[in-house]
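Two complexes come next, and they have one chain in common, subunit A, joined by subunit B in the first and subunit C in the second.
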Partner chain A sequence: MSTQPRDSVDRAVRAALIGLFVLAALVVPTMLSASNLFLLSAGIAYAVAVLSLVVLVGLVGQFSLAQAAFMGVGALTAAHLVNDAHVPFLLAVPLGGLAAVPVGMCAAIPALRVRGVYLAVATLAFGQALQSLFFQTAVNGGSAGGGVPLPRPAGLGGAMQYYWFELAVMLGMIAFVCMFRTRRAGRNLAAVRESEAAALSVGISVVWAKVGAFALSAFIAGVAGVLYAGLNEVASGAAFTSFDSIGLMAVGVIGGLGSAAGAVIAGVLKTMAPVLIAKLPGVAAAGDLVGVVFGVGLIVQMVTAPLGIASQLLRAEQRIAARVRVAVAHRRAAAAGTLEVPG
Partner chain B sequence: MALLEVRDVAVRFHGLTALDGVSLSVSRGEVVGLIGPNGAGKTTLFNTITGLQHADTGSVSFDGRDVTAHSADRRARAGIGRTFQTPQLISRLSAYDNILLGCQARMRNGLFADGLRLPASYRNEVLAHREVDDVVAALGLGEHVHRGVGELPLGVRRLVEIARALCTRPKLLLLDEAASGIGREESWQLAELFSRIRREHDLSMLVVEHDVDFVLSLCDYVYVLDFGRLIARGTPDVVRTDPAVVAAYLGEEASSAAAAG
Partner chain C sequence: MTGDREITLELLLATLVLGIVQGAVNALLGAGIVAVYRGTGVINFAHGAMAMVSTYVFASLVDHGAPSFLGIPLALVVAVLAGIALGVAVDVLVMRPLARQSALVRIIATLGVLYVLQSLAIIAWGGATRSVQQIFPTGAHAIGPVDISDNEIGILVVAVLLAVLLTLFYHRTRFGTAIRAVASSRDAATLVGIRVKWVTAASWALGGATGAVAGVLVAPSLGLNSYILTLLVIQAFAAALTGRLESLALALAGGVGLGVVTSIVSTYLSQWLASHPLSWINIGNIGNGIAFLWIIALLLAWRRPATTLARAEGSSL
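Right, the complex of A and B next:
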């Protein structure tokens, strides 16, 4: 499945859709209540976290259930830097991501030997080990889950300001991923994903491709962790458990791990879907129904679009492009003074 | 000294001997054929030379170096290029991008240059595109390259793989059954292409082929494998009349005739 636009019509439609998305991202938050803006901001942080899975699963075909642990490493590192070492918050964001990189490279070691479900279990165990060994130590807030404070600077103190900041970081990350995926680095990963024999035969190091993908994925997840902790103004290991890793993978699969659009959909869905479902008539009265409707909706979604909501979006985009092409052809024919089909 | 030296290579799969003390050499500029009935161990030998398969005993030297312990990607970078019996093309990339993969190991743009679209990324991509354009023109692939590889017929997929291998600038090109599954006419065009590649690129070739006539017409020297052992070697004229070769192939023809009958 290729998500790259192919001609000028494709490009125009893609640009229009991206424009619509950015417009919505700018307008919608101004209409939200404080609590919903908080949830949307959390959704953006999760979207960045799912983007880290897009790199790993979508681009290079690996698997990880340690992403929340990478988030935790990023969040706790940033919190200690800001809180204890008085490093500026804006500097702590990339540094938190960088701190997760060596951790991600360690998690890549099993990926060099096993794949599929075995890799899932190995990374799950890796994340759980980090959680048990480091996240619950006294210096990180203890097992009660107190956490480490992560105060935001004056310019990012307000909820709306922080949302703009998160949005900018997310768009920057997405741009980076989309930029490299169509060039050498992206082709390397695509080759390793589909045929390691082919990759090796042209001299691509499969080992470095996987380790590099894990490193980048951990960086993105680490930044996502800082964003999430910054939103809460506290970095708590309790927010980055193995269960959270599994949850990220689940929403990622539903959103679609083949593209950045899937990551955005997944992140926003994770926090906003319960809010939207609660607004449905009849559901609000019985609070317990939210979980049921959400669960059933996810199952229906998985059955109708196993490749994720993003794949449905892509098909819709292609239908729009096809219609635009027909319209353009008609207009050209009319301008030429004839509606006859040439031939 | 020979470009490629395979010495006494043995490979066993779970007690089954796939290769048993095989030695083979390819000199610079030489086209060497490797023939044998199905299951003779031809592809296993290819995999041992390229590093996809670990040899239980024996050694492989290439370009004056013992590469037995080197990884497959390192051997590819040293100049061993190959194609696969079943073309290993990347379906989410266009044919053109598949060929570009051949240039990847020599390109110098990394993740950051590509993600931030630094000048280094652009520079390397342009150079690689030029190389690919040349190879595409040389192989006459022009009309096909911007399609998805899934839409291409087998013969063209094989050509795309050969183009990709040529873009690695190999000193030795290993071609695994490039003529199988395509028509007679196409396979003769392929033989002509191989002779041209040999003339225009300074490289040696090791050609695995099921079709004996194809190999004998193309190669300077031929090895014959049967049940993991070399049963004959020599110039095409010598091999053609070798009793052991005739027996191995006649045996196969007799059995396939019996199966068909």
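Right, the complex of A and C next:
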């Protein structure tokens, strides 16, 4: 996570890269086919979901295998609000996220006593309990996977319009998480991640740091669920199983759970990689081969580079910054009239 | 009035038997998790998925049928061998390259194994749920007012036998002692000449083998597809955690306890719900909720939780 810009050159390079990314995010979709635009939009929703994992794993060092269940709570709540109570869609998005918050805090109960892997076990059980007890009941559309309709408002009806909306929400979320990280609360979480004993010794409440991180994470995951359900215009509990949680963890590890960039890579990878896999020679349909690829990818990533694809990206960024520094030094030296060039 | 009470007693007994059998299954799967944890320190999320693949091997062999008289024992042996091969493959292909990483990294890697096996199973055997032939005869015995099938008795016997044999193995044999030595200190074990690689491979093999047995025993009543057994790992965790991932006797007790509680709650809740229908909750699946509460209760009740936080608190007292 030592990715904070240090000087003006770092900041300029970071700004340029973000600008490039936003430009690409604005231009590329206009060139995509309708089905690929749909997949990219789903990828953005998943990117927000992986961002919720970044908050837990990257910021505070806790693991959760219940993220898809938090998505489901958000999606189903929003669908009921829009469909039954006629709440405006735009209001239902944050409300869906808020509905997931107390659920996320329940999942954090074991964090009072244990950490790491035991928490992962408990969250897997929690997510599965939510899924099997509530997600496919008659109220939520039955076990056939019918779901609850989540109609989009007129202004967001078109595929491209909805993509812009998702992109705006994702960028807003990323901006919030990045700002949160450098504030006091965010630094407290980092302290808990590095050493609970040390955090405790400087007066940080480890328990509240974890519960708070779960609350924030569940909110983001809940919003991701609403985005995903809005894309399909139906909130179906069948889309938020334990295997989806495990899948989010897998692509998250491949993309890199230490940074927002990793979340974006992971989300886009989750929906766009199958398109590429289907193009491989001898593969008729990507289907369940995708699970094999992501599972193997998770393991390989663990062996080779536990920080994910994003870490390679950050290294590239640092190389660019180094080049820029040399170029700047050259120009300054030339302007000052010296012949000796430092660096 | 008396008739009513008899029916209630009958129901209670039947519920208890069902719970004990389901609990024995939890414990059987939990034993494999304990075996891998004791030898390697890894909590194996893929244990259910490995059991599922071995069970598919069994079911396919029975289908492509050698005569069932000899065919079923033979298929069981092959399924256990497949489980062993799977366990060793995970150790060699996944765990060894990660040997220098933390236990947490290796544990997350088992999620990758789960994902791969589940997807491969769908590719190889399809997504539909299929039935599996049971290895015990299909007879039943009346014990008091309740019928117990041979299959249920078989599951109980195997679960108890496995717990006893494994406990004896860990405490009475040289190799079992070596496993415990590696668990307590890898470096010290290496220094006294224990082959750590053999110990970890054997632990994974043991996990795979017991998983195969558990899968073959439970599949006839649950049905076989890519996810039922894979997710039964949650109940298995609940059982194994009861014994702090070490004691097989406690894991057996925990598994049975969880099974009985689940069975009683779901029977009586669904009876009550018959007159008070709820559309927002699926009581039939209450087992997963109880497993979660069971795990939470265990984790909160651990007097010496494995956290640095607790250690910090302990030292400040």
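In the analysis below, the second predicted complex is superposed on the first by the 311 of 343 C-alpha atoms of A that agree within 3 Å, B and C clash if a C-alpha of one lies under 4 Å from a C-alpha of the other, contacts with A are read in each partner's own complex, and residues count from 1 in each chain.
Rule of thumb we're sticking to: contacts are C-beta pairs under 8 Å (C-beta built on N, C-alpha and C of every residue); 3 or more make two chains touch, one makes a residue touch a chain.
In this text the structure is predicted, and so the values were computed from the model without any measurement.
Enquirer: Of the two partner chains, subunit B (first) and subunit C (second), which one does A:Ala122 touch, if any: first, second, both, or neither?
Expert: Second partner only, subunit C.
Enquirer: Touching A:Val114, do we find subunit B (first), subunit C (second), both, or neither?
Expert: So A:Val114 only meets subunit C here.
Enquirer: Is the number of subunit A residues in contact higher for subunit B or for subunit C?
Expert: Larger number of subunit A residues touched: C.
Enquirer: Which partner does A:Trp164 reach: the first (subunit B), the second (subunit C), both, or neither?
Expert: Neither partner.
Enquirer: Answer with first, second, both or neither: which of subunit B and subunit C does A:Gly247 touch in the superposed model?
Expert: second
Enquirer: Given the touch rule stated above, what does A:Val177 touch, subunit B (first), subunit C (second), both, or neither?
Expert: first
Enquirer: Have a look at where A:Phe38 lands relative to subunit B and subunit C in the superposition and call it first, second, both or neither.
Expert: neither
Enquirer: Now for A:Gly186: first (subunit B), second (subunit C), both, or neither, which partner does it touch?
Expert: In the superposition, A:Gly186 touches subunit B alone.
Enquirer: Looking at subunit A, which of its residues have contacts with both subunit B and subunit C?
Expert: Residues 195, 197, 200-201, 206, which sit in both footprints.
Enquirer: For subunit A, which residues are in contact with subunit C within the complex?
Expert: Touch residues, subunit A against subunit C: 63, 65, 109-110, 112-118, 120-122, 124-126, 128-129, 131-134, 136-140, 195-197, 200-201, 206, 242-243, 246-247, 249-250, 253, 287-292, 294-299, 302-303, 306.
Enquirer: If we count contacts the way the header does, which residues on subunit A are in touch with subunit B in the complex?
Expert: Its residues touching subunit B are 1-2, 176-177, 179-180, 183-188, 190-191, 194-195, 197-207, 212, 216.
Enquirer: Contact residues on subunit B for subunit A in the complex?
Expert: Listed in rising order, the residues are 50-52, 71-74, 76-77, 81-82, 84, 88-93, 97, 100-102, 104-105, 107, 109-111, 114-117, 121, 124-125, 128, 148, 164-165, 167-168.
Enquirer: Could you pull out which subunit C residues touch subunit A in their complex?
Expert: 43, 45, 94, 97-98, 101, 103-105, 107-109, 111-120, 122-123, 227, 231, 234, 237-238, 241, 279-282, 285-286, 288-289, 291-292, 295-296, 299-300, 302, 305-313
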